[in-house]
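Just passing along the structure, written as structure tokens.
Chain lettering (A, B and C) follows the sequence in which the chains are written, and residue indices restart at 1 in each chain.
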Amino acid sequence: MKKLFSLMLACIMLLSLCSFAMADGYSGELKIWVAEAVVDFTQQQVEAFKALHPEYADMTVVIQPVGEGDAATNMITDVEAGADLFAFAQDQLSRLVAAGAVEEVEPSNAEVVKAENDPGSVGAVMMGDTMYAYPMTSDNGYFLYYDKSVVTDPSTLEQILADCEAAGKSFYMEINSGWYQTAFFFGAGCELTFDSNDEGQLIGMNASYASEEGVKALKAMIDLHKSPAFVNGSSISNATNIGAIVDGTWDATAAKEVFGDNYATAKLPTVAGFQMGGFGGFKMLGVKPQTDDDKLAACDALAAYLTSEEVQLARYNAVGWGPSNLNAQKNEAVQADEALSALAEQLAFCAPQGQYPNDYWSLATALGDDVIGGKLDDADDAALLEVLKGFEATCEGYLSK
Amino acid sequence: MTDLEYLKLSKPAKMGYKTRKFFAALPKKLVGVCKKLGQGIIHAGAGFIRGCKDTVQTFRTGDWKTKLSFLVMGFGSFARGQWGRGLLFFLFQTVFNIFMFMPNAQFSGCYYLGKLSTLGTVETYKEGRRTVYGDNSFFILLYGVLTLFFIVAFIYTWYVNVKQNRLSEMILKSGHKLKSTKEDVSALMDSQFHKTLLALPTLGVTIFTILPILFMILVAFTNFDATHQPPSKLFTWVGWDNFRQLLSTDTSSYGNTFSQVLLWTLIWAFFATFLNYFLGMLVAIMINKKGIKLKKMWRTILVMTIAIPQFVSLLYVSKMFAADGLINSYLMKWGWISSPLPFWTNPTWARVTVIVINVWIGIPYLMLIATGILMNIPADLYESARIDGANAFQMYKKITLPYMLFVTGPYLLTSFTGNINNFNVIFLLSQGKPLSLELSGNAGYTDLLITWLYKMTVNDTNYKLAAVMGILVFVVTAVINLIVYNMIPSVKNEEDFQ
Amino acid sequence: MSKKHEVPEVDIVIDEEAGVIREVKPEKTRSKKGHERRVNTSIYVILILMSIIWLAPFFFLVFQSFRSYATESGGMVDYLLPKQWSLDNYKWLLESQESNFLRWYGNTLIIAIFSAAIQTIMVLSVSYALSRLRFRGRKLIMNVVLVLGMFPGFLTMITLYFLLKQLGLTQTGAIPGLILIYVASSGMGYYISKGFFDTIPKSLDESARIDGATRFQVFKKIIMPLAKPIVIYTILMAFMAPWGDYVFASYVAFGSEPNYNVAVGLYRWVNVADYQGYFTRFCAGGVLVAVPITALFLALQKYYVEGVTGGAVKG
């Protein structure tokens, strides 16, 4: 029975391969948006793809540097002028789906994606039961970069701040970002997730910010802001006087440059007795809805290729982006990477990032700005609880009716 | 209150009286404006009816050439030898007909006009995995409005064409000759020169300003936003819902935020206008003072902030004031402060900082303007004041200031409304930050209405609310203009300056 | 003030009531002169302080542009003077294969030249027509422009984008597209030059008309030569504006990097997280943009002053 089944499976695979090979190919133009750092890399990979698939050899591929932040906004503004394949960070997915600016993943590719990538990244590309993008990296998380000569013990935030203050250095963390902020709230044990349906709408919310834990987290943020060493920020080359910074793998090269021999990484510290948590996020590759079947097939094939095990590994080797592919993650070099292992250590305390309404990010910035602006400096627990209640209520207002 | 009673009042009381009187007269003035508007409409209506009557009359009494011109535009002109005019009329009619009744429905005016009431009904659907786009609400609305423009233009041209026939007949009857095409052309360089001059600018403004503004006003009554984004999704008419969302004060609406942002916009415009005005004037007086050397050099140094593109200078200055920017770094290195000054993070600091940096940008303009005007103040005024024993401050108060205010009154108004829409300074310096839970809709404490509008358009693609905001900015600007225009007599009559 | 006629300024006072000329006591004069000197000194102090504040950011910008991105640090730092002065940033901008800077610079230059030329024609046409010619609808046009001007500029951005797109003038066509947008509605900015035309005496036109000149000839032969200052002012303004336009230029050209203008290109280096360590290159680029523009502006300063004062007085 088992044999028969595997035979059938092999047949089906062969058939699908045949149909793949028999596809008409595509020789028009195809536009890709990726971050500046990987333009050259993507160019090489596209050449490799063409060599592998002769039916696409005549295809003209244009690669433009459009950052992961801008891509979604541009796609939504004018989907026609947008790229056929575009890389974006996962917080943009619900927007893109709601605006109809991203195509569902081809069903057979979706099966492959599910089988080969880590569960968090698979969850991140799903809206309801539909898969809308190809996971590309699994490194969109943050951890601590620090200067060994300044920070003596990176395990508690209190100690890091004391060391920075003593050395006259700064501790950077972007606490007015909805992304970094969860390090406090999730770490203290709060929850904030949204349920989505297939149309890209968010229909339910599970939140426990307005709780004792939430107050604890908010107080930790306020204490952090009160330290003279604290600076709000997460961009390493814009930081002028770093003792330590909470940042992601994409800044690893810059961090090595800035810290030199004193470069060190660690998971996030504990604060007020709890381990800081946060989001484990992902970068993904989306395909634009197409009016031409051949072009769509080309997009599907190229997207699948650019997010495959080999290319993810190659991307790691070229620019250091951590793969979401399970096999690639097992690679020795990836395992040995200092920044990635700090990230992996931190991800153990993180929740995989799901779907959030676009307005959540500006609301979180508002909360962070209130903390940084000193508005909550003198608030007591009850007042903080009120603030968080308001926060939750506003979040709930973002749900689709 | 009699004149005598008024004169007895103290200065603040006089001010209060005047202000009260102004606001008491405001309803009357508004009624006056409405009346004028009403009269205008009645006037236009009467003109329209007269035009209709004339047209009917022309058809009744006109000869066959005229009658045929009702159907074939320009025929009369052709038949009477004015082939240039005839050709233009005929061409216009042909283009119009092609546009309206093009065989390819997707491009014809009638198609868009027909869909205007729903803004499209065919949803985008899938054929297999291929996407087949349905109606595009955006283009239906845009071309719908364009078609309406075209129809109005056509009716007007048609009317002119009829009128032309009537006039030609009258001229011929009276025994005069009609203008030849050659004469028509040379008139465009002489008696009709304004048409030549204004043709292109009018066309440009109609297509790239009036059409888009009308389009956006209509968008304010639709649900065009991130979840109703053509070509994938349709949007449709929703009436006044968006106005309600922006202005009502229940929790999910933006009313409170709107009033806060509006208030700050007005405060900002006030300081940006008057602080710069007085400081700029002061600087001009200092530089122009007798005995100060190197006048040209001082001026040139200050003018640098005008010359250097703002995206360079303001972006750089914004970074200078950051928590870890140069200013804080050096203050801390020198031990003057122990923690960074919250230039961009504390709401009040941020507001003061943008106003102060704007002084840096604004003083030079005012200095230049004031320099020019100060030189025009008759020197003997000062001379006699000096002889009367007036000190510098008194002379400033009694001569310089009134003269400046009188001459630059209109400028202050345009500058105030200009500052309401002063996008660059806020966008490049603070981007509206800091945000707060007390404000909603991504607005921050230094956001002006215009920067908020920009965020809605670009970051949130929430075009419906951006459109409402645009209309409200217009209303605010218009109200201020109306009030001030009524207060400054000198701007009313432009012929006075000639 | 010529030396010959110099009269001691405050040494005598005309007492009108008494009808006599009184001599002011010498001690008072001296103290007044001392006062004058003190006032002037404090003015100098203020002016010097202001000059420092006004120029400092630009000097800082220049300093930072000489800090090498390759050997020192391309990001932001908390010190002013580079540890080692280098031209690396400039070299990178002008010579590197990766850098599109020259392309952006060229784009902006093209936009500036064309929009200056066409915009000047538009503005002069409109302001001349509205100032010198009397025709039906003149008041209406002025009122409509006034009302249109009260709508905020960015309101119509999305509409303009799609209008341009219909003409194929976005992304790769962004440069002609931007020129079109800058130019199309520029006639609305007629106030200042109309104010200028208003000051030219009408009798000039009339006498020429009596001599048989057409209105076009009057415009060309009589008014234009007199309008040189305002023509230069209009050209200057139209030429400078495109260098600073980030908002619309980025909206029209998105995605197509070779078609950016300098403002869009450089802005991204500071505000988009993908560009780590580009700050000093931003500074160098900023200097390269600012220097020629500033030089041009300072050279034509005189006309600018005439324009703004004229505009301010005329409203």
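Side notes on the structure shown:
Everything that follows uses one rule, which is that a contact is a pair of C-beta atoms (placed from the backbone, for glycine too) under 8 Å apart; a residue touches a chain by one contact, two chains touch by 3 or more.
All values derive from a computational prediction rather than experimental measurement.
In terms of the distance between Cα centroids, chain B is separated most widely from A. For the criterion of most C-beta pairs in contact, the winning chain pair is B-C. Note on chain placement: the centre of chain B and the centre of chain C lie 20 Å apart, centres being C-alpha means.
Computed from the mean C-alpha positions, the centre of chain A lies at a distance of 43 Å from the centre of chain C. Each of the following residues of chain C touches two or more other chains: 76, 78, 158, 162, 251, 279. Counting partner chains per residue, chain A has residues 77, 80, 239-241 touching two or more of them. Contact of a single residue of chain B with at least two other chains is seen at positions 324-325, 329, 458. Chain C makes touch with chain A in their complex at residues 73-78, 158, 161-162, 165, 170-171, 251, 254-257, 268, 272-279.
Those residues of chain C that touch chain B in the complex are listed here as 10, 13-14, 36, 39-40, 43-44, 46-47, 50-51, 53-55, 57-58, 60-61, 76, 78-80, 122, 125-126, 128-129, 133, 135, 138, 141, 145, 147-148, 150-160, 162-163, 180-181, 183-188, 195, 198-199, 202, 214-217, 219, 240, 243-244, 246-247, 251, 263, 266-267, 270-271, 279, 282-283, 286, 289-290, 293-294, 297-298, 301, 304-306, 308-309, 311-315. Contact residues of chain B toward chain A in the complex are 124, 128-133, 226-227, 229, 231-233, 251-252, 323-325, 329, 332, 338-340, 342, 345-347, 433-440, 442, 444, 458-461.
Residues 31, 33, 35-37, 64-70, 74, 77-78, 80-83, 235-241, 250-251, 253-254, 257-258 of chain A are the ones that touch chain C when the two sit in their complex.
Residues 138-139, 142, 186, 189-191, 193-194, 196-198, 200-202, 204-205, 207-213, 215-216, 283, 286-287, 289, 291-292, 298, 300-313, 315-317, 319-320, 324-326, 329-330, 333, 360, 365, 368-369, 371-373, 386-387, 392, 407-411, 413-414, 417, 421, 423-424, 427, 449-450, 453-454, 457-458, 463, 466-467, 469-470, 473-474, 477-478, 481, 490-491, 494, 497-498 of chain B are the ones touching chain C in the complex.
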